[in-house]
Amino acid sequence: MTEGLADTLRWQCLEKMLLIRRFEETVVKLAGDGHFRGHYHLYIGQEGTGVPAITALAAKDHLATTHRNHGHILARGADPGAGLAEILGRATGLNGGRGGTIHLCEPTLGFLSTSGVVGGCISLAVGGGYACAQRRDGSVTMALFGDGALEEGVSFEALNIASLWHLPVIFLCENNSAGAMGMAKGGYPTLVHASTDLLLIPKSLGISSVRVDGVDVAAVHAAATQAIARCRSGQGPVFIEAMTPRWAGSNPLWPELATGITDLRMATGESGTDGPHKQWYENFDPVLRLARELAKGGAESVRRISALDEAARKRIADAADFALASPLPAPETALNHVFAQETPA
Amino acid sequence: MTEGLADTLRWQCLEKMLLIRRFEETVVKLAGDGHFRGHYHLYIGQEGTGVPAITALAAKDHLATTHRNHGHILARGADPGAGLAEILGRATGLNGGRGGTIHLCEPTLGFLSTSGVVGGCISLAVGGGYACAQRRDGSVTMALFGDGALEEGVSFEALNIASLWHLPVIFLCENNSAGAMGMAKGGYPTLVHASTDLLLIPKSLGISSVRVDGVDVAAVHAAATQAIARCRSGQGPVFIEAMTPRWAGSNPLWPELATGITDLRMATGESGTDGPHKQWYENFDPVLRLARELAKGGAESVRRISALDEAARKRIADAADFALASPLPAPETALNHVFAQETPA
Amino acid sequence: MSETRQSYAAALVDALHDGLRTDPRVSIIGGYVLGLGPQRTLTDRLKQDFPDRVFDPPTSEAGNAAVGVGAAMAGMRPFVDLGTGSFSYLAWSQITNEAAVAHYMTNGRLSAPVTFHLLHGVRGGGAAQHSQSPHAMLWNAPGLEIAAPSTAADVYGLIRTALASPNPTLVVSHAKLLGIETAVPERKSPIPFGRADIKRRGRDATVVATSLMVHYCLAAAEALSKEGIEVEVVDPRTLVPLDEKTILDSVSRTGRLVVVDECPLRGGIASEIAATVAERGFRYLKAPIVRVTRPDVPVPYSLPLENFITPDPEKIAAAVRCVLTAT
Amino acid sequence: MSETRQSYAAALVDALHDGLRTDPRVSIIGGYVLGLGPQRTLTDRLKQDFPDRVFDPPTSEAGNAAVGVGAAMAGMRPFVDLGTGSFSYLAWSQITNEAAVAHYMTNGRLSAPVTFHLLHGVRGGGAAQHSQSPHAMLWNAPGLEIAAPSTAADVYGLIRTALASPNPTLVVSHAKLLGIETAVPERKSPIPFGRADIKRRGRDATVVATSLMVHYCLAAAEALSKEGIEVEVVDPRTLVPLDEKTILDSVSRTGRLVVVDECPLRGGIASEIAATVAERGFRYLKAPIVRVTRPDVPVPYSLPLENFITPDPEKIAAAVRCVLTAT
């Protein structure tokens, strides 16, 4: 894992991954305390994919995400306070309280509208790629979506269009079905696909396709960087399937902190990993995995890890304070923003 | 070609193919004479696929077809008089004048409603297969659709479902794009697909898939027979891509008899095949090809071919007379049949 | 006679169970008919008792709907659950342009007796994409029967009728209805389509509503009653067929009409009922018809915003007071 | 001043050409904007002059629409042609649940200025699946602007405005309008949304219609004029936004309203306009509102059946006579 990814980048990734992890843990707490309604989806366990992939993008690029968007939004640099405020339906939220957890969006960072309709993200992203291609400015669009999106026909249509028109789109499929209970077993719906190798689908459409270990930050970064370069040079779309084993907490229906509040001492060797989630702590938790590797740098690295974590915790605690202190939107503003009012350019 | 297909079957196929050919030629004439409105699609050039495939089915089986349905309906045994009457919008038509050319349907022969929506046929057919599977009577459903259907996402979804649930569906794709002008060149819309091998699509979903020469009656019959047997035994769906070179008359917008009224003497050697359509007459016209082969049987066979053709012409002439003499539906009956009135069983 | 009460969700599952039990042609395509909420385990006994006839399909609404439609054409009676209401948009062609037209297009020679079901409405935090009510739109698709039950007895009876109907049928359940308990008869039974139910009698004004809005109207009526205003609450129960007669009869007695619906205003259910009465009951009207609906805005996530745009008993009561003073 | 006349189809192409010429963000996704009829070659000059900005997409309506919506979110102004009206059903989620809600759902921070276009209506032999008018349904999807032009000048002006609008917009063209020639000004220009056009002045009754039906209403008005009946024909031109004021003003003068539309009755355009007037113009009404629409049946193929169910000048004239005698 070490090879390939520059040290600064690895530390940068860890910082973002920790921020996401603490954010998500806080979301569970806020939900438990009854601060918001509606179901929600967490990015815990997939930080190792979204963070390096998004880090590989440039400022001019576009992105599209799904119901499982928190990690993507934060990885791109959105304000966690505005993120939590949105989840709590506050006026200061990213969407002014109109979107909620499923639709967090930060247009100024290049995000297209965040669709909670499965298949929405991937097909809108092809539109993003179309815009990039029309502008001829070397920009690209990255779609970050789940494996379930490939059950929707529109995803297939969108892949076909992207391939036909050589659009600069990186299709990043986060396959988190391994370990998921699935509908049939009473869990959350997950992959119901006859395909035993999802890459055969983009391949059938002539799309360059690759599979990576989604817990391996360096591997994801390398794959994303290569895909982005390919897209920028006009060679058409790339499909990446990142395997991200399902976090135990995302089952059953409502997320729960099945693996506890992440304890970074498990990465530095200061704490044990025994218990029912040993496998998770040792192999699949991408935050622990990256931290463990960086910790190999010695005491200074271990200190740096805790410092990063402390900073992340602090930032998220402040974010939560901000969100909780923020006002709810004024009821009558519900009528605003149905239509944009700008005079046409 | 001779091998594999019993003699009686080949004669039976020729008889149906001739009936279809004479039917379609008559449709062009009726359109030219202003007897009906709206655009229409002919089966000329694809008789070598639909006839043997449908002949391989049993009475209990279901079928679904598309805008290009005339040949399928006739191959299954629908009354050509009621077929032409429908195209002319007459009360005696297969659909009582409510459907027209794009929706010819004969439910008593096992057809599901004929959808003119691209992708409609293939997905409804999976429902047919679902019904067959639920009934556990060994019946199967055959979908006959164009290559363009694979541009629609619902087709992909339907293939996935059929594969997941091992449904007894034969997906018979009639790929007539070879030789078609295509939208880009101002012709009728045709395949706009990034895939250079359409079979990769069903294969990506684990569906057993095979390509056949759609002009080769024996090859199609063999593939269909094998697929049907596989379906009946519960092994799940089969996808067959039949390559049927596009008939010149189906371009441009409205069909025209570009290759003339089919002259069977071209098959028996009594007439030459020179001119701009030589290739067509000698290699791609499935009716001429089968007739030519059967004609090898000698003078008796040649006589039998002309007799069959005379019978087909007579049947179609009678059918046209019937259709033209049939009344238009009474205007106020337009309000009938919005809802079925039967008491629930 | 001791009154039994049952939740909407439990009655819905009873209807499916009885449907599966009494008709071998019935099957269910859809793994979460009751959504992901607390009632969802109620459907477990369907899978247990009919393991070969209850299917968890992929997230392929168009494909799933098409399978239901095609199976219905081939003689089956599938119940296709489309999930959250707006997911039906992905199956729009299958519902409106395949199922609804097949019988007509074949001159009555073939039918497509599929039942579609979905969870509609402003559910609380569902935001724009998960709070929709597609049945107003579908009322403009001839050939489809549409039921919008409001109580346990009604959802049981209307689903049984839907499963037995020779036509394609849509049954919509408001997400907020699932947990609501109402009285049910000892033996629940099918309810014929096209028969409105007067959920409350009153002389002063007619209020027409379906689905969850019936409950809000009854609450408003209760409050108004304390002011001496007696409202008649008419629940058409099915939009297709529509029991125009019961609505017009009521308006002929009260002379005033409020129509309540959670769909957006333009092209909504309230508009259709208002137009029907403006055309066929004009002479009965003593005041303008008033529509109480969601304004034409997408549904926002945050509670105060959501509440602001959603019809509720207060807004309904205010509208009734308004039609009583206006002339 | 010499009057110029132009076909609807030619004016539509002019609007696209001018849109492409004046705004580099505009592009066209759709190979047969004018269908397959005789006018289709008029679009050739779009491809010739803007070869990199006119795309023949696959038969993937949902995908094509999504590409337009996504591109619009990323700053472009795509014009997505969906073909025959009912094919929009395959893109329903993209139109109603992506494009229409994006601006609202992002608190106004993002917009999706895509223009959708389709050919709607009873076209002559199109049968059930190729004769639909989806815009009545789409009127129930807040966030979408909807234009239904009736003349060459209007389609030019409204398409220019649609392309320049910061919002997602649907422009519907009736298949039978394409060849109809009407007067156009020497310099055609954008027409603001939300301004109805009184296509004929009259004192006796108001007739409201859009798209092809405007021409039928004008023909009916011509015939009625010979009987001494003067009908006012109001063409709202856009449903969203709707110019309620012009409609209500007209009804305030005439006291009688006929609403004409080719969509099926229930949940149709005529119903919405009737309901609006029943609510906001009740005091002006001297007679019941009458709706002239397609009855709630799928469209049949055969000409006498098709004619029977389609509004035409005779049916419109009869409805006007009816509102003039009724009280």
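First chain written, first letter: the chains are A, B, C and D, and each begins at residue 1.
Rule of thumb we're sticking to: a residue touches a chain if its C-beta (ideal position, glycine included) is under 8 Å from a C-beta of that chain, and two chains touch if they have at least 3 such contacts.
This one's a predicted model, so the numbers in the text were calculated from it and none came from an experiment.
Visitor: Name the chain whose C-alpha centroid is farthest from the C-alpha centroid of chain D.
Guide: A
Visitor: Have a look at A-C versus A-D and report the one with more C-beta pairs in contact.
Guide: A-D
Visitor: Based only on mean CA positions, could you tell me how far chain A sits from chain D in angstrom?
Guide: About 41 Å separates the centre of chain A from that of chain D.
Visitor: Report, in whole Å, the distance between the mean C-alpha point of chain B and the mean C-alpha point of chain D.
Guide: Comparing mean C-alpha positions, chain D is 37 Å from chain B.
Visitor: Between chain A and chain B, what distance separates the C-alpha centroids? Give it in angstrom.
Guide: 48
Visitor: Going by the contact rule already set, what residues in chain A reach two or more other chains?
Guide: 93, 95, 97-99, 103, 115, 117, 151-154, 157, 160, 164, 192-193, 338
Visitor: Going by the touch rule set out above, which residues of chain D reach two or more other chains?
Guide: Residue numbers touching two or more other chains: 57-58, 60, 62-63, 86-87, 90, 93, 97, 101, 104-105, 127-129, 142-143, 295-298, 300.
Visitor: Can you list the residues on chain B that touch chain C in the complex?
Guide: Of all residues in chain B, those touching chain C are 62, 64, 93-99, 103, 105, 107-108, 112-113, 115, 117, 120, 123-132, 134-135, 141, 153-154, 157-158, 160-161, 164-165, 336-342, 344-345.
Visitor: In the complex formed with chain A, which residues of chain C make contact?
Guide: Counting only chain C, the residues touching chain A are 31-32, 36, 40-41, 44, 56-63, 86-87, 90, 123-130, 295-298, 300-309.
Visitor: So in the complex, the part of chain B that touches chain A is made up of which residues?
Guide: Those in contact with chain A are residues 151-157, 159-160, 163-164, 192-197, 200-201, 203-207.
Visitor: State the interface residues of chain C toward chain B in the complex, per the touch definition above.
Guide: 25, 27, 53, 55, 57-58, 60, 62-64, 66-76, 78, 93-94, 97-98, 101-113, 142-143, 145, 161, 164-167
Visitor: Quick one: which bits of chain D touch chain C in the complex? Just the residue numbers, please.
Guide: 62, 86-87, 89-90, 92-93, 96-97, 100-101, 104-105, 127-129, 132, 136-143, 239-240, 242, 263-264, 266-272, 274-280, 282-283, 285, 287-291, 295-298, 300
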